[in-house]
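What follows is a set of structures for review.
Below are two complexes that have subunit A in common, paired first with subunit B and then with subunit C.
Up next is the complex of A and B:
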């Protein structure tokens, strides 16, 4: 079976860094964002690894990685990703900081995908992250699918099982830690991945070298896109609450510590 | 598959390995490799059609240049500096510091002698007398906050016209420019295991023919597991070693080929620093540079550099010649920042990041062979750091530039990368340059510290002022012999020892307990700037270790460790990645290691050949901080 898998994968500031929202001239942003190293959005990365696994099982298939972001940052991230699996990069150069309007982002992505040479839409699986570690609204992938007129969409996907007749079964996350199993008659389809089940592939220098033959030209001809004014207004921006909340309290009685822990667990 | 199996490692398992060819392969991406690649890339960009730059392994294509960096990002896990930037500015004449995040021109420099406001530091009597005189004449001499601001500093210490920088950000800036050209490929998260050698019958030495990358998908002992990927052999006509002072490739070459007669790496220091967001009301301006000495121990030099946006790098250097085995650098750093002269500005600040690295302070006494058949060394691993000026980044960058100029000359003349040709081009340039001139001035500048702190200062001043013509003579023992046991010489010492042992029984590390017993106050954690060492591992990018790589810190003989009384490796470990195991030997946790290399020169157990009991191999992961 030959699949054409397009993975929409944004880049985000490394979530392990110290991130601090600030209000800039164009609205909310992160302090010193260009200074922070970028990584492939972890949700999209899961989608990419799943795509590589599908390609390994369906050898006539191919992956296009469509990524929108500042060109210099894209370049740096590609030096890590390109060692892991084979893909063809479609780069879109945009100064976006992650607070961009999902509709404008989706329009740019859909336009780029629609013009990929050799892409057969009848074989298309459009992959991406179900959520985003950036400040996305979690709707971009669906809108890209709509713009490309793909009506079969699955979100929170953890598994795909291709069948010989071209149909496939998808496991989507639902409430209660369970999965909903759906069978789709065939491509094209949109799959927004949750975490999937695959580990990060090992670095392979040969794959890296092979990818660079297309990655660098793709970056050099990356189309600049201004996402423009969409009328979107952010009233405020804040980071998710930290898991680790350090408090220094001295000479606290063990019973009081235990009581506080019980109350904390009850509140969670 | 590679027909070459000669890695210089006798115990390498026989595995069919993939291999590929390049023209030039670089090990490590730091300032030295940055200087090399920038110069090479610029020459190619100016004339891509120059036939000299046609690849020999891929005819018709430009020269194939690969660089492998151990850290997970080219911006991760390095250091903040003040540099004279002489070589860097020569490469970028139009350099605008504002283009490089966290960079600022040097605006002011101070040298502070710090008195001991606590009374716990190990000061010799001569220094105590001097301290009393300074304290009693404080008002007249301008002593403020227990610090004496030296009214004059010799020129060799100045960084006038220089830059305060984060090396992580500088590397990122340089690397981005390089990769944009398309000629250079810099691959992060890819440690290099060791060099590949080919026997060469025509020469006395061995030719380096490339490198082997580390195996992936292995357990902590290097045994293949699920997802095993054999480290690839990358064969190249020239291998550039920019892997720092204890890099596995440089170390392998030293082990196989030896050092030049009389040369040995004997002097080290561990540099550790905090990146602190200064309080909103701070009066410290970007470009402010302070150098300090005298506290927390006389032998410990310190610094404060102010970056733009209210960020400051504040740190200390603990040298190998601090003979005390209780060398807990993190604890010392916490005392340092609380010295009244610094605390005045740092109080109410926030810790954003933290980092540590070993510095080779041997100077030209520890210079290895700079070039051999098929390889050349640049940067700190080639002993470019100048310990008189306290400067390394600019020197490292410049050695990279010199090598690139030599390589371009050899390519244009169609000459091969033999030891003779590299000596006649690279080494010749380096010997004729300011890097060499200054290194010669500095060669014996620090000898005096092996006689004591005060003789050390006198020796440094003599060497600096006379351009190296005068210095103090002193024998420099190997680093592992510079550590002296804590001797119990008096009842006071015995009581301290007993107090410390009680604390150890209570679960505290011995070195920590010894410091407390000596009078260093407990750290009053505030959860913001003063935090535990374990919490520091989680700051600013955190310490990371990808699964699937082998442990890179190896104890060659566990029996030796069990019978070691000192276990200075544990005291010195920057990330508390070494702890005392239940069997009495240190236990290594790769997930906490920041790759500072401190354990390597803090092992006191050596064999007959002088090799200590710790090996430091190629390893992935480490700090992810980009503000360091």
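Up next is the complex of A and C:
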């Protein structure tokens, strides 16, 4: 079976960095955002690793990684990601942040995917994170799917199992810590991934060197895109007031702590 | 432009009863309609919308339904068509819906088909001169208030942010909306619980019990007591009915070949790359970390922690009370006090 897997993956600030909102010319932004180290969005990374697993089981298949972000940041992130698995990069140069409008982002991604040379849309599995670690809306991938006229979409995916007849089973997260199982007759389909079940692939310098031969030219010819706002207006963006007056209880016996906790749990 | 409000709702797995999140969305939509003096409509997706509509008896709203066996299954192609048809029939400018797995799967696609916009994970809706909504960015680290000029505007409301509507159930007339379904290529075959012995995620529980990596680290005797930790935690969950959350580091340990709690999966993970559940109370044990991880209990109202480090970033300034103690000893005593169920 031959699959054409397109993975939409954004970049986000390293989660361990301190984030502070500031007001820019076009609305909120992050303070010193260009200085913050970036990583591939965690759920999109899960999608990418699942794509690599599918390709390893279906050798005639191929992965395109479509990423929208500032070119310099994309280059920094690709230095790491390119060592993990083989892919062809489609880069879109845009000064995007988590406050950008998902509709405009989706339009730019869909346009880039629609013009990928050699992509057979009848074999297409469109992958991405079900949400991002920046906007966290779960909107972009669905709209990209709609723009590409794909009407089988799955969100919060933790597993895909391809069958010999071309159909596949998908497990999607639903309420109560359960999965909904569905069977789709075949490609094309959209899968927004949650964590999946696969570990992060180990770095392989040989894969990295092979990838970088195509990644660097892709970055150089990355099309600059200015995202519109579709009438979106931010009235405020602020950090929450996190500080609680924590009562620190020291030197209390476990029995006394347990008694206090049980009373607290029983209180309304 | 005068606004008109539609609330999209759907039934639970019984096929006849509206979900709690749907009834919460109705509360929010009704408050919004009242503050704008705008007309209100309700859209129901169900195998038989007439049954589910009984929840809205006596409500001053237009009730629309999409019925049929195709809508017993939560799947993109049929749900998107149903929601699109309901939105077009209601001709609403603002559409409120619950942030359930079912409607979150289709909301953006529906907004695109309608030529509108969508915002998700909404925490509150206010109508002043404009409709303003608040939501979080960067995984619950930055809160923003925003508005949009585009209509229709779909708003997916996080569960637990509004009280669920309770009405007098009775027969009620509804307008059945016909839906032209495209070719259906996806069949839902059922639901599955993760590979574990019992359910530990309970969204409606009064308490979230968060376990950290400290449970599987070496204890004062120099040994790891993962089995004992697992017994203590499960006994506590049995006795209290609490929902179980976990730090990322503890969930990830399974993949690293370290001692694990066998009942934990990534579904239990809270924090930066996990969930941020809403419960009235939360008890964190053996958790350590800073802001990105602590967002896991951002929406817990009353927080207590047991930690050996009084200055731990998980507890200091984030919890209401931190007990500086050995969680093994404390939880053993808690289970004793909770009695035979523990």
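We take it that the second predicted complex is superposed on the first by the 235 of 268 C-alpha atoms of A that agree within 3 Å, B and C clash if a C-alpha of one lies under 4 Å from a C-alpha of the other, contacts with A are read in each partner's own complex, and residues count from 1 in each chain.
As a working rule, a residue touches a chain if its C-beta (ideal position, glycine included) is under 8 Å from a C-beta of that chain, and two chains touch if they have at least 3 such contacts.
Remember, it's a predicted structure, so these values are computed and weren't measured experimentally.
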Partner chain(s) touched by A:18 [first = subunit B, second = subunit C, both, neither]
both
Q: Mind working out whether A:79 is in touch with subunit B, subunit C, both or neither, as first, second, both or neither?
A: first
Counting residues of subunit A touched by each of subunit B and subunit C, the higher count belongs to C
With both complexes overlaid on chain A, does A:1 touch subunit B (first), subunit C (second), both or neither?
neither
Contacts of A:142 with subunit B and subunit C, given as first, second, both or neither
second
Would you check which partner chain A:119 touches, where first means subunit B only, second means subunit C only, and both and neither mean what they say? neither
Request  = Applying the touch criterion given at the start, work out whether A:209 contacts subunit B, subunit C, both or neither, answering first, second, both or neither.
outcome  = first
Mind working out whether A:32 is in touch with subunit B, subunit C, both or neither, as first, second, both or neither?
first
Applying the touch criterion given at the start, work out whether A:156 contacts subunit B, subunit C, both or neither, answering first, second, both or neither. second
Both partners, subunit B and subunit C, contact subunit A at residues 16, 18, 199, 244, 246-248
Subunit B contacts subunit A in the complex at 18, 20, 66, 72-76, 101-102, 169, 172, 175-176, 179-180, 182, 185-190, 213, 216-217, 227, 229, 232, 234, 309, 352-353, 525-527, 531, 535, 538-542, 544, 546, 548, 624-627
In the complex, the residues of subunit A that touch subunit B are 14, 16-18, 32, 34-37, 72, 75-76, 79-80, 83, 199-200, 202-206, 208-209, 212, 216-217, 219-220, 244, 246-248
Interface with subunit A, subunit C side, in the complex: residues 74-77, 80, 100-102, 104-109, 111-113, 117-121, 132, 136-139, 141-150, 182, 185-194, 199-203, 207, 240, 255, 265-269, 272-273, 281, 283, 290-292, 298, 302-304, 306, 310, 315-326, 329-334, 336-338
So, in the complex, the side of subunit A touching subunit C is made of residues 12-13, 15-16, 18-19, 21, 28, 30, 42-43, 98-99, 102-103, 106, 133-140, 142-143, 145-147, 151-156, 158, 169, 171-186, 194-195, 197, 199, 230-240, 242-252, 254-255, 257-259, 261-262, 264-265
